[in-house]
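For reference, chains read A, B, C and D in written order, and residue numbers begin at 1 within each chain.
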Amino acid sequence: MTEAFPQLGRRLRLGLVGGGPGSFIGPVHRAAALLDRRFELVAGVLSSDAEKSRAAAAALGIASYPSVAAMCAGEPQLDAIAVMTPNHYHFDACRTALQAGLHVVCDKPLTNSLEEARALAALGAVRSRVFCLTHAYSAYPMIRQARAMVAAGTLGELRAVQVEYLQAGMSQRVEDGPLTAKLRWKLDTAQSGPSLVLGDIGTHADQLLRFVSGRRIERLSADLGAVVPGRKVHDWGAFLLRMEGDVRGTLTVSQALAGAENVIVLRVFGERGHLEWTHARSNFLTFAPHGEPVRTLSRGGPGMLPPAARLVRIPAGHPEGLLEGFANLYRDAAEAMAAAALGVPADPAALDFPTAADGVAGLAFMAAAIASQVAGGAWTEVQP
Amino acid sequence: MTEAFPQLGRRLRLGLVGGGPGSFIGPVHRAAALLDRRFELVAGVLSSDAEKSRAAAAALGIASYPSVAAMCAGEPQLDAIAVMTPNHYHFDACRTALQAGLHVVCDKPLTNSLEEARALAALGAVRSRVFCLTHAYSAYPMIRQARAMVAAGTLGELRAVQVEYLQAGMSQRVEDGPLTAKLRWKLDTAQSGPSLVLGDIGTHADQLLRFVSGRRIERLSADLGAVVPGRKVHDWGAFLLRMEGDVRGTLTVSQALAGAENVIVLRVFGERGHLEWTHARSNFLTFAPHGEPVRTLSRGGPGMLPPAARLVRIPAGHPEGLLEGFANLYRDAAEAMAAAALGVPADPAALDFPTAADGVAGLAFMAAAIASQVAGGAWTEVQP
Amino acid sequence: MTEAFPQLGRRLRLGLVGGGPGSFIGPVHRAAALLDRRFELVAGVLSSDAEKSRAAAAALGIASYPSVAAMCAGEPQLDAIAVMTPNHYHFDACRTALQAGLHVVCDKPLTNSLEEARALAALGAVRSRVFCLTHAYSAYPMIRQARAMVAAGTLGELRAVQVEYLQAGMSQRVEDGPLTAKLRWKLDTAQSGPSLVLGDIGTHADQLLRFVSGRRIERLSADLGAVVPGRKVHDWGAFLLRMEGDVRGTLTVSQALAGAENVIVLRVFGERGHLEWTHARSNFLTFAPHGEPVRTLSRGGPGMLPPAARLVRIPAGHPEGLLEGFANLYRDAAEAMAAAALGVPADPAALDFPTAADGVAGLAFMAAAIASQVAGGAWTEVQP
Amino acid sequence: MTEAFPQLGRRLRLGLVGGGPGSFIGPVHRAAALLDRRFELVAGVLSSDAEKSRAAAAALGIASYPSVAAMCAGEPQLDAIAVMTPNHYHFDACRTALQAGLHVVCDKPLTNSLEEARALAALGAVRSRVFCLTHAYSAYPMIRQARAMVAAGTLGELRAVQVEYLQAGMSQRVEDGPLTAKLRWKLDTAQSGPSLVLGDIGTHADQLLRFVSGRRIERLSADLGAVVPGRKVHDWGAFLLRMEGDVRGTLTVSQALAGAENVIVLRVFGERGHLEWTHARSNFLTFAPHGEPVRTLSRGGPGMLPPAARLVRIPAGHPEGLLEGFANLYRDAAEAMAAAALGVPADPAALDFPTAADGVAGLAFMAAAIASQVAGGAWTEVQP
């Protein structure tokens, strides 16, 4: 573990939005925020249920507020909020915080519509506030290594890309049984957005592809729908892609593939070789150079490039996991926030975290996907 | 090794078409034909170059003929021919042999056009001749196991399928250097057919998918072309699929992905779990049942179903390879041929090898792929 | 992440011994102690260099003390100390704390001699203080799963065990170059103990074997020494073992195997199957039942038994790492400490962490190993 | 497939000893002998049961003889015999053939005693006959690659070695049920030799270690016996080793480990890195160079050294298996035999197959193992 002591000043005061009882992602956010001791948790609107919210805040030993607006106006003033609610609350929470001059850490997808996403990105830019979108896979050291190798030209010209993200959570007819609170909002497109699978994991796949390849998706042809008979929400999306520079690609996501345990596979092919990364072996990265034996790079092992090496916390051979990925985002966001507070430049190496612009790109991907689907799979431009 | 002694009579006399000096697949065919001692090699038209053909036949200790027609008319009469030439010779060789009343073993793709494929299938049916198309991966025990498990309902209703076949052979600008004989015919679409990547490996991917899922591809949306700049032939094909019963799927093939060492990945997802098979671990099959730990079945190990078990030659833990797959096809084709000669029914278990009908299906896939590509990726029916 | 809120009262006050600048394990201990918010860091003797110690404490925002004794006598009183110094400081630090009535968390090996280990274990027992020895691998969920499966009789009668722990850190002639501070104490047997490789990783292998199999090592035959020519300290140990119940086994450790990236492999064989776990895939456990396909259990996936399930922090498919293992120990130690403070029984499920008794067992293993080596590899009893 | 046409003359006439109905290894030997068309099967003493022997010979279409002596005296004269009987027949069969001036291919272990092994080796040398011992794993391309890399100094000075060979066939109390013919001779030490596990697989492990490391085993300390309670024959052997040049090592073999599917793991460590090979991935070899990412070499892929490349039959990415390993031995033995017949030098590259000298080394290992066991595990010299 590298510990980033708060050299730029005091710990940042963080207000929590969402992540109350029963949340999977809430405790991950909180632990990640605390891990490097750059944040302290001071307040929260932890649940849309006022009583639950108060009880959860008490258990965490933090102040409870009835609304994000109230929390942003509280004393002592917060530095930032972290949003980990269902999707449809993101927009209001983030807007309120940005308008109050706070920085924001927000879970993905940024919002449920492209327009809202753009509005937040614009507002953050105008207010010069730090906005960190927690696509945490992009803060795994080996994903940063892949990005750095592509950027360094290790693969030569890019030729093709593949990404898939496959889950099993919706593989059964969950609609037929009693709904958990989580399922209830997910199955309601008013809350979860126009495409469940794209909001939940498609935006991750999109971001990983763009992040590692360094290119945007220009066009796509979509096959979007449900593989479970009778399902109203999307649980499957398969896409033919054209990235910048006429690079071909495929992107496949589903939440309804029985036995698929959060499978993520990413491959980037160039004229001189390819990279492959899988979630099940997240501490490793395979590099297959043309005409040479395949190499397996390990987190912290030989060959790590600086943007990846700076995220390695413990020596090679000792596993790191999702929590560290989240914590890397929080640590770098803290660096940017502290720099803003002090009016000094942040460490440029710390500024590679996903932002509202990534959120906009994710929503643009989703909008193009839906448009293509409506048009019978026609090739559709992704708005820049 | 199980040895299938020729209980139905003498060894079958096989004539070879193609597979001369420099061929990769020729020696595989010959070794496979001989492995179970059901065939003897007696004659050949081994090369389109008469002198090379004679010399190669002499080295193999078999009779040399100037043409397939002459070989089929030779004495003593052949039982079958095995065709392993460049694609554009397949049609004439197979037609000649079928018209002469011989059985046929033929490498894929069956022909270069759907019409020719249909003509061969019809001719074979009229003449009641055995026609074995050497999609050898389909004769790997673990592929048969996957097929048998799907057929037995182990996965429940099918939900989605994925197949990819990725090679590196065309990843560099081979067009710019001196061309080998092999490259010369491959780069000439008059010889290799309208889509190089689909003829070479796309038909394998298509056949594997149909063979294991037990379903035909009804519709597809194609992205077909070249990832290497300036290339005239296809080296990339990505497809969105709809299988019978509204099963969604993807199929991705490329011969131009640097560092990809004949990667084949096949996944079949059903309501109760999924199967995954990769070529790099061809002696194993992963079964991920819903709600239970993942299981790895091994060739010859516990849980093998009869259609797969009959192809296992040596005990679990000892690897088998491609040669055995080819030999399984030859052995079963021999069984069918011998039964035809004796006028007795063949062992039904032996009749699961790919035939001209598979060749027709492969060409129909290719035709639909090209039609979709021409129509800008529009969803296109695959002709039954 | 499950968060164990401090239901039994306030957070426990922890004093740190060692883990100052340059330490690998110091930051891991600190992050682990904080992760579940059961401890707060309040004081430290962070380095044997007084100035460094003060600076490091200031950076951490905690009180600095010149000695463990002074820290244990400080106000407000500590609940526990955590010892992460070089080995030869362990005994004094732990004894001082126990005598002062504090609980102890201590890194392995417990001490440098069996006598000292026994003295600490006895002192802890007399004082009824919690003593947690940080064999963190034993707190990985899949190691707990293996232990629980063995205990549940899943394997039937045990037949044999294998463990190996292989590192590369000493594979080169590090003695010839300028010594780091860390190497200096490691190469000095007065500080690192009588057998470097056994103190560093042999005690881990010994503990893992005993922990998972539920049996002690009764006898061993040792081959202990150095594989790097001219080396004075041990970098290799290979052992033939006899566990309780006449179970045979092997244990192999080395720190001088070039290219070995902290390789840990553990296998337990019983009449009904075996378990295999490797560090490189620490989130998975392989179970090979007799006569059935091999199963891969995943952390948080189907089949987790309660003692393992309680340590799972995030859903299956998302990796956890070493930090979480350490944190599991700290969380359970906190539970035990809080229960002691309140005079109530601790959750029995929390009491499966390694203690001073494990430290004694580790030193007894080391003593027997050295005795066997001195006796030319003769089979030697491990003192109970 | 490379086909080695019989350039040095006619095909060699091979007589078979053993391998009749029910044999696992008989069909493997026969297919391997035929694969490269350097041998023809002409005669056999296929079973110790005269009637079975005759029937099996008829099924194979070869002449049947009542004894090895009669077969060796038959017309036309054989070139060689291949011995695949239970162990206790090896000595007489091989001696008879050598005395008759025939070459010999013999399965392992060479004999049941060191004295017999030495006698055969001496006789073969005196008669200048080719003697090929079918340690087929040593003819896998990736094992040859490992040997070539060690020989080329890729690892620098050797530091340590590990080999293990684990099977499950004897994991249950097979003694309690009705015995198969195979089990009957295996459980009778008069037939299977003084140590079942060492004869069956220990000699393979020993040979692999020596073959790849290029060093003999000088001394060992043994733990030999049975892990299944009440068993009379050995099913477990674990060894501490000292190879030439003071290289340390371990060797572990067992046939009684439930769920172990013919597991073979071989590791060779040198100052500059290590090699690892596992049977479950026999077409790959892992090379972990010090200070560089791990590399995975694949059979036929980049980096193959000439002694390995010459054994590669089909391109990388297409699996080869055990049969090809056996066939490699037969092909090279045929080369040596043909050269002897013609009085010309054989291709030196073909002469790397295991011989009677390897058989002697294997029996010397076994003798030392038993002696060490008798002496309570005392370190014991392996006779050169």
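One rule holds for everything that comes next: a contact is a pair of C-beta atoms (placed from the backbone, for glycine too) under 8 Å apart; a residue touches a chain by one contact, two chains touch by 3 or more.
The structure displayed is predicted, hence computed values, not measured ones.
Using CA-based centroids throughout, the chain positioned farthest away from chain D is A. Between A-D and A-B, more contacting C-beta pairs join the chains of A-B. Taking each chain's centre as the average of its CA atoms, chain B and chain D sit 35 Å apart. The mean-CA centres of chain A and chain D are about 55 angstrom from one another, to the nearest whole unit. Inter-chain spacing, taken between the CA centroids of chain A and chain B, is 43 Å.
Contacts with at least two other chains are made by residues 261, 294, 298, 301 of chain D.
Those residues of chain D lying in contact with chain C across their complex are 155, 157, 159-160, 162, 164, 168, 171-172, 221, 223, 225, 227-229, 236, 238, 240, 247-250, 252, 254, 256-261, 269-274, 288-290, 294, 376-379. Across the complex, chain A is touched by residues 1-3, 5, 24, 27-28, 30-31, 34-35, 37, 59-60, 167, 261-263, 279-283, 298, 301, 313-324 of chain C.
Note for the complex: chain B touches chain C at residues 287, 291-298, 301-303.
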